[in-house]
Amino acid sequence: MDAALAGASSELIQDLVDANHILYHLGVVDGFGHVSVRHPGDPGIFIISRSMAPALVAASDLMCIRLDGRPVSHNAPAPYLERFIHGEIYRARADVVAVVHSHSAAIIPFGVVPGATLRAVSHMGGFIGESAPVFEIRESAGPNSDMLVRNNELGSALAQRLGKHSIVLMRGHGSTVVGSLNVRQAVYRAVYAELNARLQSEALRLGTPVYLTAGEAAGAAQANDNQQDRAWNLWKREVQRSSSS
Amino acid sequence: MDAALAGASSELIQDLVDANHILYHLGVVDGFGHVSVRHPGDPGIFIISRSMAPALVAASDLMCIRLDGRPVSHNAPAPYLERFIHGEIYRARADVVAVVHSHSAAIIPFGVVPGATLRAVSHMGGFIGESAPVFEIRESAGPNSDMLVRNNELGSALAQRLGKHSIVLMRGHGSTVVGSLNVRQAVYRAVYAELNARLQSEALRLGTPVYLTAGEAAGAAQANDNQQDRAWNLWKREVQRSSSS
Amino acid sequence: MDAALAGASSELIQDLVDANHILYHLGVVDGFGHVSVRHPGDPGIFIISRSMAPALVAASDLMCIRLDGRPVSHNAPAPYLERFIHGEIYRARADVVAVVHSHSAAIIPFGVVPGATLRAVSHMGGFIGESAPVFEIRESAGPNSDMLVRNNELGSALAQRLGKHSIVLMRGHGSTVVGSLNVRQAVYRAVYAELNARLQSEALRLGTPVYLTAGEAAGAAQANDNQQDRAWNLWKREVQRSSSS
Amino acid sequence: MDAALAGASSELIQDLVDANHILYHLGVVDGFGHVSVRHPGDPGIFIISRSMAPALVAASDLMCIRLDGRPVSHNAPAPYLERFIHGEIYRARADVVAVVHSHSAAIIPFGVVPGATLRAVSHMGGFIGESAPVFEIRESAGPNSDMLVRNNELGSALAQRLGKHSIVLMRGHGSTVVGSLNVRQAVYRAVYAELNARLQSEALRLGTPVYLTAGEAAGAAQANDNQQDRAWNLWKREVQRSSSS
């Protein structure tokens, strides 16, 4: 295991491993996507898996990376190409302690259709608020990029577009959510952002939805934060059963 | 186990535990949502799980709550925040013996789009009748609530909106169904309300559906009530297999 | 086991039991729906489960029923209320040897929206041909029925609407498919009618589909009939694995 | 095992068997569909299963077929009727080393609606590029075919329509994707073509999508090719767990 992980509690490590498995179990990530936590002992470092499918991640696959994207250890394994998503968001947002990047399917359409804005249509998506920003990589990388956030400049542009929001959509690619409490909150948000997108898409086919007001969204987000372990305990049981079957 | 549960038969307790597991197995609830039954020995009390994910509920997690939301036992565990949904419906509707509250996904769009009315489009949804009412919490709680039915006043307003119906939609939140026969009927209704919503959404995309008449809806609801154990026996087998795998 | 089953081969019995399990496994039936075969030794009798969920059917649950809906044995268990669907179709169609009745979800919208006609949009649905008829029970049972085909008159009206087709939709209820080769063909058609409905719904959202011509539909249906055991063998393996897990 | 398989490595054989199982596990094929690889020792031969459901294929079911569709061995088992899809594409495209033919559901609507063009809407579908061609079998087989590519002439017409693309849609039938690296790439493309179709359908309901430019599509396709084993390793683990449960 990465020596720089020494300062992280076993509970944090376990939560991060569970987070990888839960995100796969719930269909938020497939072979791609990643989740990280800020190192509790050094805000200039985050913990994330080496480059591999989240469902297969074990504690021994975790590594420490500096905010500029350089692995801490000299003999580190190959990191994710898009680790700059994580590093630059942690750099720009001192309040953020966990980040999930995914290609979850219901959100992507809201990122590719100008004028379609993801917003809170149900209380479980309250953290999305009145509108989710969209990152158009063409503005930074030009019209012929490979769509990946593969350097600090692109990561910084993404973080800027995220601003103070909890989620940023990435055109033709996916989305990234952040948590300010812990990795469980970031997982919760990734799961319910996807569900909110599905509900919103369906509602838009029926007519013009009544969305949550800014006050309702903030209130519901707070209420859900207080209850998030109810879902986490269920999800953890599910991935444990799945892995032992 | 809660001492106030003494008057409830072991069959009732088992049905309520099964109901929790079945609602999760069929996707009606996830980590959130709850199901209750009125106490057979005291109409002023209902039985419900302590605050936890329905899929994980065991008989030892059940507790008794008075219609005003106060737990019967002094050393009761933490109850669901939204127990007032149950208590106030039992208070307003002497005929109701079971209540399911959920965020099932296909129903929510009908609750947020003005003019989109959930109604019986197939015989399995006959109990919905010609229109399902929608509870707009803003009318009672103002424009900045956290969307939750967290006190008697909101529970009472919800029960009033339910009226004599079998289901009430909750804007930006979910829905609540009731049963007058037993908890199996309430579970049956929660499952098929969700399915009816899915069928109705699909039909609306094809054109203007022919809905069930009031007579057809009432007839089909009665016929289904007589057959509900055919589904219950299947669902019970499914959750038993799932828990032993 | 029903004494009248004596003339049926063990292979036929096994296929009918498998058919029940396969239709559930593939989501064509849930707790409701039923499948039958005409008795190979007496065209005036069909074999079907007693009234229960298809997924739970064993060989000992099968019973023999005359075309008018009367069970052959005096001490027969309770039959399905809607056995008249089967009996009257076998009576009207000498070529039919198997019948599946279900509420499969993607088909129902085509039965409730006037002008939306289910037809073959992919070669796997060739047996549907250029249009599937819709049975409107109100024309026979009036505006206040319970929607069920619960007597010979309604069964006969349904069979008349089926005509020479392989499938008939039932407004606000479901659909019924027939097979002229064996029960495997009827199961195949029930599975792919549902899939064709899903494909057609999606295609209609994109624009105006090019449907199969009558010649293409007939040709594809014939080609598929010759290959149906490729699917059956897979499905049988799946339900065997599922039941032993 | 087919003697002509002697020149193929055990790794290649295992990948082809895994490909069959993975395509089923991910819902790309059901009882129908097939996957092949060009023989590494003889470009005039390809390796494919005998005619059976992909999920059930074992190494002993593989056989060698010449590009004109004739099995290499004299005592070969029954081959797929549509082996001409594979043979004629290998003949027309020297760069192609693997082919997947399927009826995956989200793609079919794009093949039947004139004017609806499947194209890359997310980076995972970059290989689709700016438009996927559609093969209209009527142009070659007339208005009354059985829709199957059952001879060399139809296979050749399909290969011509494929041109230099990575995917060709088949009207009212399905689609065929090719890989120039290995069978893993063809599987990857079959999986993500289906997902791209689903995303594009959803996006089209929200409005007018911003698609990937030709440059973005090419860049993303290249980046994904470099990462494809991350998904393959996951999928292989999944089918192994599934088969041992």
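Each chain carries a letter (A, B, C and D) given by its place in the written order, and its residues are counted from 1.
Convention: contacts are C-beta pairs under 8 Å (C-beta built on N, C-alpha and C of every residue); 3 or more make two chains touch, one makes a residue touch a chain.
What you see is a predicted model, and the numbers here were worked out from it, not measured in a lab.
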item	value
Copies chain D and chain C - interface residue numbers shared by over half, same or different	different
Farthest chain (mean CA position) relative to chain A	C
Cα-centroid distance, chain A relative to chain C, in whole angstrom	46
Distance from chain B to chain A - Cα centre to Cα centre, in angstrom	32
Sites on chain D at which at least two other chains make contact	205, 245
Footprint of chain D on chain C - complex, ascending	120-124, 126, 195, 198-199, 202-203, 205-213, 215-216, 219-220, 222-223, 227, 230-235, 237, 241, 245
Residues of chain B touching chain A in the complex	30-32, 51-53, 55-56, 81, 103, 105-106, 108-110, 112-116, 143-148, 171-174, 201, 204-205, 245
